[in-house]
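Here chain A shows up in two complexes: once beside chain B, once beside chain C.
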Partner chain A sequence: MPFAQSLLESLGRDLPYLYGPLFLVFAATLMIWPGDLLVGRTNKRAWSYVAFLVLAAGGAMALYAPLGQGFSGMFRVDGLTKGFQFLSVLAGLITIVLSQPQLNALREQTVEYYALILFSTAGMMLLVGATDLVSMYFSLELMALCIYVLVAYLRHQERSVEAGMKYFMLGAFSSGILLYGISLLFAATGGLTTNLAELNEKLALATPNHTLLVFAGVLMVLVGFAFKVAAVPFHMWSPDAYEGAPTPITAFMSMAPKAAALGAFVRVFGTGFHGVSGEWMLPISFLAGASMVLGNVAALRQQSLKRLLAYSSIAHVGYMLLGVMSADAQAGGQAIWLYMLTYLLMQSGAFAILIHLQGKGEGERIDDFRGLARRRPVLAFAMLVCLLSLAGIPPLVGFFSKFYLFKLAIEQGHITLTVLALLTSAVAAFYYLNVVATMYFKEAPEGELKPMGSGLALILTVTCALILVGTLFGPKLLDWTAKITLG
Partner chain B sequence: MQTYLWLIPLLPLLTSALIGLLGKRAGKPVTAVVAVGSVLASFALSLSAYSLMKAAPGFRLELTYFEWMHVGSLSVPMGLVFDPLSCAMALVVSGIGALIHLYSVGYMWKDEGFARYFAYLNLFVFFMLTLVLGSSLPLLFVGWEGVGLCSYLLIGYYFETDYAPAAGLKAFLTNRIGDLGMVAGMMALFAYFGTLTMGDLLTKAGHLSPEVGFGVLTFATLMMFIGATGKSAQLPLYVWLPDAMAGPTPVSALIHAATMVTAGILLVCRLAPLFQLTPITLTVIAWVGAATALFAATIGLCQRDIKKVLAYSTVSQLGYMFLGLGAAGFAAGFFHVFTHAWFKALLFLGAGSVIHAMHHEQDLFKMGGLRKKLPITFWTMLIGTLAIMGFPGFSGFFSKDEILYLAYLKSPVLWLMGVIGACLTSFYMWRLMALAFWGEPRDHHAYDHAHESPLTMTLPLMVLAVGSALAGWWGVPEAFGGHFNVGQFLAPSLTFGQLHGAHGHHEGPAILLAAISTALALGFGAWGFFSYRNGLAIGEARAAKWPTLHRILENKYYVDEGMERFILAPIRWLGQKLWRVVDVIVIDGLGVNLPGALAGLSGDVIATTQTGRVRNYALAMTLGALALLWIFLK
Partner chain C sequence: MESLLLKIGQNLFLIFAVMALAGAAVMVFARNAVHSVIGFLFAMLSVAGCYLSLGAEFMGVAQLLIYAGGIVVLFLFVVMLVELSKAREARRFQGQTPFALLLVGAGLVAFVGIFWQTIFGASATEPLTLSQNLVSHGETLGNAQMVSRGLFAEYLLPFEILSVILLVALVGAVVLAKAERV
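And now, the complex of A and B:
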């Protein structure tokens, strides 16, 4: 049986690239069945520890995976893959810890919750290594489908279910557009390949004859990605979904899928569509500019901190699109990776405090932060660090990650857009500082605050410490990023 | 192997953080042990650094740990440099620092903010050691600013009073002016040499010949000197130092007498090969130093507050150090830093002991007759006074004499100013001693309750007294048959392997000059002592004879009042107007609130598009895609 033998051989050769995500999928499956069946009705909380360990192990496997390319060029492990896989896993781990207070308070601990996080993380890990439009699409769906369910996880809460439903419908719509775009490109190149590297050559050849076909295809893929990263005007799902989802899932959505989708975004456009970058540069610069402006301006008037963070994440995506616009998977990927890493730290710190103040999932208004500095000076200071860093105020680490992104954009000649980015950052400073002012200068309401749980405290301590340490080594960060992502 | 030397500055930092965070919970004894222990450990490590440095080639040990920043062509390494100069200074800082720490334990024992005090004090030691040991100008500047910060914090330590925070603010703001000069100087040096690392800078400077006329180097060194005048309280930026006495007395001893205020002299010595190249700057330094020495000494004559006398004395002594530097006697200037650290720390701590005994009474006119009550304080302060007046054999004699001799070689007028200053110094010091320790007690209540300080306070006094007596023998000038060992020791740092060395050629009537100045100082000292030994009568009679002069001196030439009237008041008036017009109307109104309102309005508009209906969202997506297509087709 020579066929079977060669199949086994190639599997033996290629599988090590995928040990990380595959492990997550198997372990999550085992957790549901027979794991949950055997444990029965006992304490479901234990699953959070199992899931944490599994995710950490899967992440470690991915980190130590061999470098190379497998599955007929559909999947590739390089420094960038590992970098973005690391981000997704980190965000997943943080989310598991962040989930505990609310799930316990609402008595909603189930094994499915954790399994869905693991599945979607596996999807992200595949997504960032995908070097073929088809594998990219499948990974994207694996990631997204799980998140739809997670958004609607609090099935007794109307707004959670509604948010999940909306997100799912619009997601399906965008997936259709994405797939259609892929098929157009497939047609434009004569149906020969969906592999990114080959596509790049073929597209360059096909462009003179089939300009509209190529452009429509690229444009539709662009729309698909823009939806996933919530760039304006394909962002409208995100404020609703963010607000309706359980708060830890909101944190998850603003970090993990965003990191993975941006990683894939920069790889697809930097590798596959690199040759036709002239075609998509203008549309994407409009997406970037619109995201910066709208995300920041809309965040100004938000009374809910959750919605504020949702809108501001739209703006942050606008900045990171500057990295995609470099049309260079390596340089752009590095800048985005660094930005995403720092963003992840600041965002998870801010969410830890939000979740702590939120209690059972109610009350997320900025007003709840009144006088926090008097009631909980350390907490308020941690929040201050996170917010100032999010606003990109030097010398905090958020400044450096913005700086490198803007520097890259200027080197690529996107002066106008960079100026716009700088101006809108000033707007961003306003609403972040508004929260700071609320914490420090407003009278505190009556009543005691309960002490922070150890999980949240750990996340907050580690993120703040990393932000401050990163601040010390700000000028070094890009060198380190280059070392990491070059693998 | 020598990498552990980074512990020298970092130990105090670490303990500062620990004390600041946990000191209150740990209690005073633990805090005291940790604080004093860490500075002692730094001292021990500095000793080992010293021996390593002695063994190193060229007496220079440069350790670079990592690159701190790299912007354009500016590269700043995080590193320490150990050479004779930095080692000597590190030993002074950590050694005298440890003694003053020990003294503080006794002095501050009953204070509420014991832990806060030591957290600041250890932070100060960290920054001071960074300043001394930093291997590049930016790192030195970090220490420079850091000690300024700690000085500000400690001057304002008694924050519940009115005057202490104001004095802290004054120190901070005055130093800003100097720091501006310092930054300008660094920029000029970077533009000229393309580096700010000490080693590179001085090596490159070594290839240059002295600058003729006013060039970039003269500008840079002058700017640096302005920075030095701020930190080291020279004319016209000296005004903050007397007010700085609002802080606890050990702080006055450590920061505002022995270490921080000498940072300006240290800076000039560090860059000595550079200053060698700029004769104009050196001349300016010499004259500013001499003028400060004389000016501050006259103010010291009529002060009633024991700490104020010592404060003006410090300003005056710092002037001598600059006079030495300006006369190209870098080693002589530093030598005076060294001896002054001993005797001025001693005098301040002695004054602190007196104040402690008198229940926080600082007015000399209310003291008197304390000789028998405070024997240890009295005897040690007597040694300090002999040292500062330049009594033959005591430390101040050798260092001051060397400076005056070099000043004479530069210009006899400078020498004369220095000698007059020395006479006045001798006068006001003996006046202080007579008023405090001799005569009848003028405040019987306080006198009856006066008591000698505890051992933690008297032990440092005794150690410092030994140092004040003997420190001068390290650098017996050649005129007295010595070899001026200080100069030879520091030569590797000060000349940096250059030919035009820091050591001038010695000729002239050295012995004669020394004899004249010493005789005059002794005479003036006696005059001061006998005028005040039996009380205030003679002094008051003299004041009545020259009322105007006395009033001017007592009010410190009305410098503060003049500044208030002619500088601060107009600035406040202008600020008020600017605030009303520019700030409220232009910036707040047109610049901030208008765009803010516009942005808020558009935020509201956007919010209304967020309808919550899926079909609207899908429509928006479709329209968005069509818009992108339109962009392309156009």
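And now, the complex of A and C:
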């Protein structure tokens, strides 16, 4: 039995790379069955604590995984993998804490909700380490499929179901495009490999009559990724899906899948398609520029804070695409990682306040923030910190992450795009400050606000504290990022 | 006569491929859901034929058993259990049809151009085929063994992720369809 024996040996060798995501998958499965049988009908909210602990444990396992490559070149653990895995886990943890109050208010606590978050996070952890187009594709699907279900989770609300349906249809369509692009690349390299490093070598050697095929393949993979990160013009699904989804899931969607997909984006285009960068540099710069402009301009007109954050996240993706365009994949990955980390903190702080004001999932209009400063000065100040940091106003931490990203873009010679990014950042400051003005200078409506739950308050305190601490250490942030992402 | 048969034998793959496309077209354009399913069945059978003509017997038989046998029956059940007359009445997206046709036309032209250049282009030195060592591998090892090596050695990780995806699809269907939540 030499084949079976070698299989077992390589499995024993490669398995430690995957302890984190595997643990999440096993634990989530056990939570659904038999875990749900053992817990009574009244104790469903206990699942959020269990899920939190499981996710934290899975994240710790992933952080202590050995560095290396395994599963016949399908998965690789390096600093960048660990960094983006950390971001996904962090976003998952924040989402679980944010979910609890709203699901309690709606009486919709189930174990499946938390299990799906765990499955999705496992998919992201696999995605950011994938070094093969095949494993990358399947991880992407695992991540996305859970989120389709979570978006439509409140199935008694028509807009939630509509959002889920729309997201599912467009997501499935974009996956088809991505897969077709992969198959074209596979054909163009002679049907030999889908491994990113080998693909890079083979693509450089492709015969002249294959150039169009390679171009089409790379372009379709790009379109598939652009759908996943919601870059203009493939962003159509995102405002509707963001608005219809339960608000904690909106927060999740704007943080975790974007972090994971951007991590994979950098890896696929930075290592796999590095040699043919001439093919994708122009399309991707159009994507980035269009995302910055349309995301910010469309956000100006929004009445709903959820939609505003959706459009602004499109703009933030536009900025992060500058990092993908960097010829040095490592530096690009670092700048994106830092940007994503700070974005994640600011976004989760803003969402914590939004969820608190929403209660059962209604009031999400910017008008509902009227006079918050008089009713709740501390809350308003926290929102102020998050929004100013999102706008990238110095000296807050959001400024430093933007600064490093733009500096990298200028060093790489993308001057026009960087100027565009700076101009659109000014537009962004306008609509973020509009919310601030509503909070501070408008009359408050009648009625008392409920006190904030402990989970939301914790998230808000931690994120605000981290934003302020990060502000103090701004100039050193990039060095630390380099240390983390180099492994 | 004999030469005609020989020609058909040589181009079996193309014939099956065209049949599969025709089945898929019937599936998409049929107004009646049962006709759609039959078109789907026809497409799946033709794809099995494609596999067989490429010398992948295991894949062909698996395709027959799983798609033609299992999934089509499942589809027929759904068609019979679910009332579909409502869906037929609602005519949506009428205004978008011309744009869609235009886009499809442009895409078709682009892809025909790409494949034309790849296969018949001026500098076409080698035909677009599977690499030789993949093909010869199959002969020495046998079909089912090849598939198992692919699944359990080289593509173990994607295969396992796929199994988790199926689990998630199951859980998701239950989450969205279950009548009562606590």
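Heads up, the rule we're going with is that the second predicted complex is superposed on the first by the 481 of 487 C-alpha atoms of A that agree within 3 Å, B and C clash if a C-alpha of one lies under 4 Å from a C-alpha of the other, contacts with A are read in each partner's own complex, and residues count from 1 in each chain.
Everything that follows uses one rule, which is that a contact is a pair of C-beta atoms (placed from the backbone, for glycine too) under 8 Å apart; a residue touches a chain by one contact, two chains touch by 3 or more.
For clarity, every value in this text was computed on a predicted model and none was experimentally measured.
Residue contacts after overlaying the shared chain place A:A216 against chain B and chain C alike. Look at A:V427: by the touch rule set out above, it reaches chain B but stays clear of chain C. Using the contact criterion defined above for the overlaid structures, shared-chain residue A:F234 touches chain B, although it does not reach chain C.
Applying the stated contact rule after C-alpha superposition, one finds that A:Y19 touches neither chain B nor chain C. Contact with chain C, but none with chain B, is seen for A:L145 once the two complexes are overlaid on the shared chain.
Taking chain A as the reference, the larger set of touched residues comes from C, when chain B and chain C are compared. By the touch criterion defined above, A:R155 reaches chain C but does not reach chain B.
When the two complexes are overlaid on their common chain A, residue A:F381 makes contact with neither chain B nor chain C. Once chain A of one complex is fitted onto chain A of the other, the partner contacts of A:F52 are absent, as it touches neither chain B nor chain C. Residues common to the contacts of chain A with chain B and with chain C across the two structures: 216.
The touching residues of chain B, counted against chain A in their complex, run 67-71, 596, 599-600, 602-604, 606-607, 609-610, 612, 614, 616-618, 620-621, 623-625, 627-629, 631-632. Interface residues of chain C facing chain A in the complex, by the touch rule stated above, are 110-111, 113-115, 117-118, 121-126, 128-131, 134, 149, 152-158, 161-162, 164-165, 167-169, 171-172, 174-176, 181-182. Residue ranges on chain A touching chain C, taken from their complex, read 3, 6-7, 10-11, 18, 25, 29, 32, 41-42, 44, 71-72, 74-75, 107-110, 112-113, 115-116, 119, 122-123, 126, 132, 134-135, 137-139, 141-142, 145-146, 148-149, 152-153, 155, 164, 187-188, 190-192, 207-210, 212-213, 216. Listing the residues of chain A that touch chain B in their complex gives 165-166, 169-170, 173-174, 177, 215-216, 219-220, 222-223, 227, 232-234, 236-237, 239-240, 279, 282-283, 286-287, 294, 297-301, 427, 430, 475-476.
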